[in-house]
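In what follows, subunit A forms one complex with subunit B and a second complex with subunit C.
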Partner chain A sequence: MKFGFSLLILALLIVIPALGASLGGAPFWGIVIPYCALLIFLVGFTSRVLKWAKLPVPFRIPTSTGQQKSLDWIQHSPLDNPSTGLGVVGRMALEVLLFRSLFRNTKVELKEGPKLVYGSSKWLWAGALAFHYAFLIIFLRHFKYFVEPTPFWVVGMQNLDSFFQVGLPMLLATDAVIVAAISFLLLRRLLDARIRYISNASDYFPLLLILAIAATGILMRYFFKVDLVGVKKLAMGLFSLKPVVPEGIGAMFYIHMFLVSSLIAYFPFSKLMHLAGVFLSPTRNLANNNRMRRHLNPWNPQVKVHTYEEYEDEFRDVMKAAELPLDKEKQCPKAS
Partner chain B sequence: MSQGKLKPEELARITYQPPAKSWTDPTVEFRKGVICYGAVPETLNYLDLPHAKKWQPTDQDWKLPPDWKKIIFEGMRDRLMRFRSFKVFMDICVRCGACADKCHFYIGSGDPKNMPVLRAELLRSVYRRQFTKAGKIMGAMVGARDLDEKVLKEWFYYFYQCTECRRCSVFCPYGIDTAEITMMGRELLNLLGLSIEWINTPLANCFRTGNHLGIQPHGFKDSVEFAVDELAELTGIKVKAPINEKGHEILFVAPSADYFAQPHYFTLLGYLALFHEIGLDYTLSTFASEGGNFGLFHSNEMMKRLNAKIYSEAKRLDVKWILGGECGHMWRVLHQYMDTMNGPADFLQVPKSSLTGTVFANAASTKMVHISEFTADLIRHNKIQLDPSRNNHWNATFHDSCNPARCMGLFDEPRYVLQQVMKNFHEMPEDTIREQTFCCGSGSGLGTDENIESRMRGGLPRANAVKYVRDTKEVNLLVCMCAIDKATLPPLLEYWTPGVEVAGLHELVGNALIMKGENERLTDLRGTPITKPLENKQDAA
Partner chain C sequence: MPRDFNRIVLGLAVFLALVLTPVWTNLFRSVPPLQDPEIATRNIPGKDKCVLPSVEMKVTHMNLLNQWRDSVVRNDQRDYATADGRHFDMSLSRTCMNCHTDKAKFCDRCHNALAVNPYCWDCHVEPLVQPASMGTEVR
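Our next item is the complex of A and B:
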């Protein structure tokens, strides 16, 4: 039902621009919608990140996943348990660029005995990494529409991407990778009973949306050819804040554009914010130098403690009988 | 075993297939064996905590104050403003499921809400409904739920079925730490007076007497003197164990169980023997007679209230630095919280071993050194004489306690010490040690009797890894550095993996330590004859 709901929303997001664009109003679909979406994204994303960043980090709580730095002769793990800022940068880089923690993934099986067996399980890591990098490359590839002349790095990237050339136009490897990776992530969510059990509609929806974006992009490239010159004019117009709407670009483009707009407008309010949140995770972005340098808690509360004086006052007689040292031989009259 | 109703083979019939009903149904059954007793009003009142009442989780009526929802929402709002961890962890989970089978309670029970992701969703669902637009508009489709009494009971059930071991946070791609979630959940429940007796009674004891067990100063002294006498019987050497004396170099703080419980007590004998042999200038304290801190399992404020005594006592006794004994959660507090909460310790000096000259730069600010760091340094510099053959009757493996492992990264210091004081050592499988170590299943204040079934379930992965080395390497001893481990692993192993004993690291140090002028050691510190059965066995084979 949650999957169905996501599918329904997606269908609406496809039908609306398809119908809308066929009824005309190209400036609305080509200019107003993308600008609105971008505005929502920028404001939403920034305010969300600022809100997080403003929150205090009362305690330094890194998860240590390697040997601490202690005695000189004990080999320390500077990346899995960094003790310096530089080490933290390294740890974060591994986390963000290579999904270090996900790479650790294991799978447990209970056998007769009972016997628990742990196996390596890298599929989630591989699928996630493939998906994110394909997405990144496709995103960067789109700069050919925004900038004239096409930047050299985009050309280089595209050449590399079409290395495995199949027919014309050139098949881009990333197109195949992203569809495969999303399909894997989606099927995993649907077919693995455990993952299906924990999934919300908001977990299916982004995958479906991105899959639809990729699909419409691929359809435009291979099947429903759109006027690329017109697309570039429109994109460059948007990019340079001098929007124009060329005639006859084709409905498929407007669907693609509307889905992208939906994604970026949805982004700040969704789990997709893990993109920024991972940088702010206190178990990863802090050095394990707790005993070396004091960490300050801005709201460190005043609390009621039990002082030694109160303790000695309560137990003076038994302490004296046990010949334990005392600070005061007799209880102060006022304390009694 | 106080409750041997379920046999191990019955308890091990676990299915990981999720049930048909959605996790958003909050109904839980408070069953004997899986839930702890509620906190009694006397302890809450003693600590000035709100909404004290006579109450049990199994009661229908939890005697909630009329405005309880408002209290919870205000409490959430307040904590979302004070802890970036809480807010970020509420927001960024993508439910990838990597954490799912990393939790020992999930592995041991198959209960899907013991998957870390769902344990957090219990709070997140209410957070979404109350604090996010998507949750307010889209409701169940985005996993939002209204808070009601059933949800509150469900929180209690699952936040007291998490040992804050942080294993899931090792695997989470965003480092989401269920310990943080559980800590927040427990803090919220505390606002309504909903806590457990096994946490609150030690808290009240510790606040009053300086230790969780409620031992008064003369009782503490008796116990230390008893240990000194016992050590004299075993070694022929009468050591000094100063208590509450001013002007020594070091304040030594251990978990109080080391003084009163077994097998902890043999570790105490090890400390005393070692300190005597190296002529350590130290004192114990009755006021700071507890390094452990159940405040960690209650609230950050309570943690601070109990922890304050460590620095204040170090100051009063005019020592230069502090040495800490073998304990897990104690070291999380000392390493990650003490300096922030009750520092700066500018009246102390950077710890320096007077025997080796080593400066513990890693404790330059906190001024507190872990005893395994201290002892490893001693051995490395040949400052003590060791006869590892005195531990030949043991074939050991090492259990990394959750907190020193995942909050410090204290892995190789104890292993180095262990391999210097004994010959027979085998690691458990790599997915079950070091940063991937499995909890004893009884940490974070859950090490009591009434929830024994939960404990046996939660401890299954640890016990099972021990079983592996018992069966393949003939391991007969599990060495650890944690008071809760020492209390709860023996019944766990008796249940799942009979034939394996539990010992502290410094018990083995004490066994191997050659003391000047000692009698010939006929037994180890537990009084077991040193007969080298392992070698005999090999000869026979």
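Our next item is the complex of A and C:
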């Protein structure tokens, strides 16, 4: 049901530009839509991050998988439970670059007996890592359409990507990897009943959308070829704020462009915001230094206290008469 | 404002600057306009039409050259018959580049703009560019 809804939305996002671009109005599909999408992305992303930045995080949350730093003879794990800023940088780097928390993914199974068995399960980690890095390389590769002359690192990246020289135009390894990885991540949600139960339309839709973007890109490379020089003129026109729409680029390009625009515009309202959110996870980005520093809640109300010293000052005569021990025999004269 | 507000805003600014790389690299630099390839050929009598219409050549020339390569190298088959019954020798240097003599203007403009790095020139030698009036001899 939730999957069907995502599929329906995706179908609409493909049919609309396919029909629209064939009816004409290329400036709308090639200029207005991408600019609107980019504007929504920039404003939405910024406001969402600023909203998060305004939320106070007064305390350290030592949710961790390692021993915190305490006594010298207790072994401390500085990366899993860092007590310093540098350690936090290390933990964040491992999380952002290598998805360390997915590496800890476990699988629960009920075996004969009945016996509950927990086991390591690295497939989610491997699929996510393959998908994210393939997507990053594909995104960076597209700089050949954005910048003239083409940056040297794009040429190098593309040569490496087509290293195996399979087919013509040569197969780009990341294209194969991203399709395989997204398919796996999608099937994982669909085929495992327990994961399907906790999956929402907002889980399926981004995967389907990115799969469709990759698919239209591959279709353009091999089957519905488009005028690539025209594409580069259009892209560079957009980015240099002097938009142009060259004639006869090909409908498949406008479908690809519309899907990418949809992804960009959808980004700030979706789970894709984990791009920013991963850096703002309080359980990951705060050093566990609760034992070394006292963290005071800044908005605690001022509590009116009455110290023993003041108490003794107030009742000294009565206490002396009752022969109670006193800290000071005489009331201290107020500091003059 | 919370303690880390300024740091988060700094990170956000760095991210936005990175995302907008294509915008500021294009805005603050004079970008040479993209040039279309120069299709102009030497007008050799009887060879005034390409093997395929230019619209088709634009998107399928790599596949055609690949077929020619396989046909010549693997099957020793050098004759290419077009749909309208003309015959050509399957050769990059002696057929294609006999008309489209200038590799820099004909091949490289698009290939460079799109980071395409074809391995034709691993084996082939590009013909010397000669003015059209200098005769038909091509190395």
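Criterion: the second predicted complex is superposed on the first by the 292 of 336 C-alpha atoms of A that agree within 3 Å, B and C clash if a C-alpha of one lies under 4 Å from a C-alpha of the other, contacts with A are read in each partner's own complex, and residues count from 1 in each chain.
By definition in this document, contacts are C-beta pairs under 8 Å (C-beta built on N, C-alpha and C of every residue); 3 or more make two chains touch, one makes a residue touch a chain.
Please read these numbers as outputs of a predicted model, since none were measured by experiment.
Of the two partner chains, neither subunit B nor subunit C is touched by A:L23. Judged by the touch definition given at the top, the superposed model places A:G277 against subunit B, while subunit C stays out of reach.
Look at A:M292: by the touch rule set out above, it reaches subunit B but stays clear of subunit C.
Once the two complexes are overlaid on the shared chain, A:N105 sits against subunit B while remaining clear of subunit C.
In the superposition on chain A, contact of A:Y308 is made with subunit B only, not with subunit C. Looking at the shared chain after the overlay, A:N200 reaches subunit B, while subunit C stays out of its contact range.
After overlaying the two complexes on the shared chain, residue contacts for A:K233 are found with subunit C alone; subunit B is out of touch. Taking subunit A as the reference chain, the count of touched residues is higher for B when subunit B and subunit C are set side by side.
In the superposition on chain A, A:V147 makes contact with subunit C only, while subunit B stays out of contact range. Of the two partner chains placed by the overlay, neither subunit B nor subunit C lies in contact with A:L191. Residue overlap on subunit A between its contacts with subunit B in one complex and with subunit C in the other: 52, 55-57, 280. By the touch criterion given at the top, residues 1-2, 4-5, 8-9, 11-12, 15-16, 19, 21-23, 25-27, 31-32, 34, 36, 58-60, 62-63, 66, 110, 112-117, 119 of subunit C touch subunit A in their complex. By the touch criterion stated above, subunit B contacts subunit A in their complex at residues 8-9, 12, 14, 16-18, 23, 48, 80-85, 87-89, 91-98, 100-102, 107, 112, 115, 117-118, 121, 132-134, 138, 141-143, 166, 169-177, 180, 207-210, 216-218, 221-222, 243-246, 286-287, 300-301, 304-305, 308-309, 312-313, 316, 335-337, 339-341, 343-344, 358, 360-366, 368, 373, 376-377, 380, 405-413, 416, 429, 431-432, 435-436, 460-461, 464-465, 467-468.
Residues 2, 5, 48, 51-52, 55-61, 63-71, 73-75, 77, 80-81, 83, 95, 99, 101-102, 104-108, 110, 113-116, 118, 124, 128, 192-203, 269-271, 273-274, 277-278, 280-284, 288, 290-297, 299-301, 303-308, 311-312, 314-315, 318-319, 321-322, 324-325, 327 of subunit A are the ones that touch subunit B when the two sit in their complex. On the side of subunit A, the complex with subunit C involves touching residues 42, 45-46, 49-50, 52-57, 143-150, 154-155, 158-159, 165, 168-169, 225, 227-229, 232-233, 235-236, 239-241, 276, 279-280.
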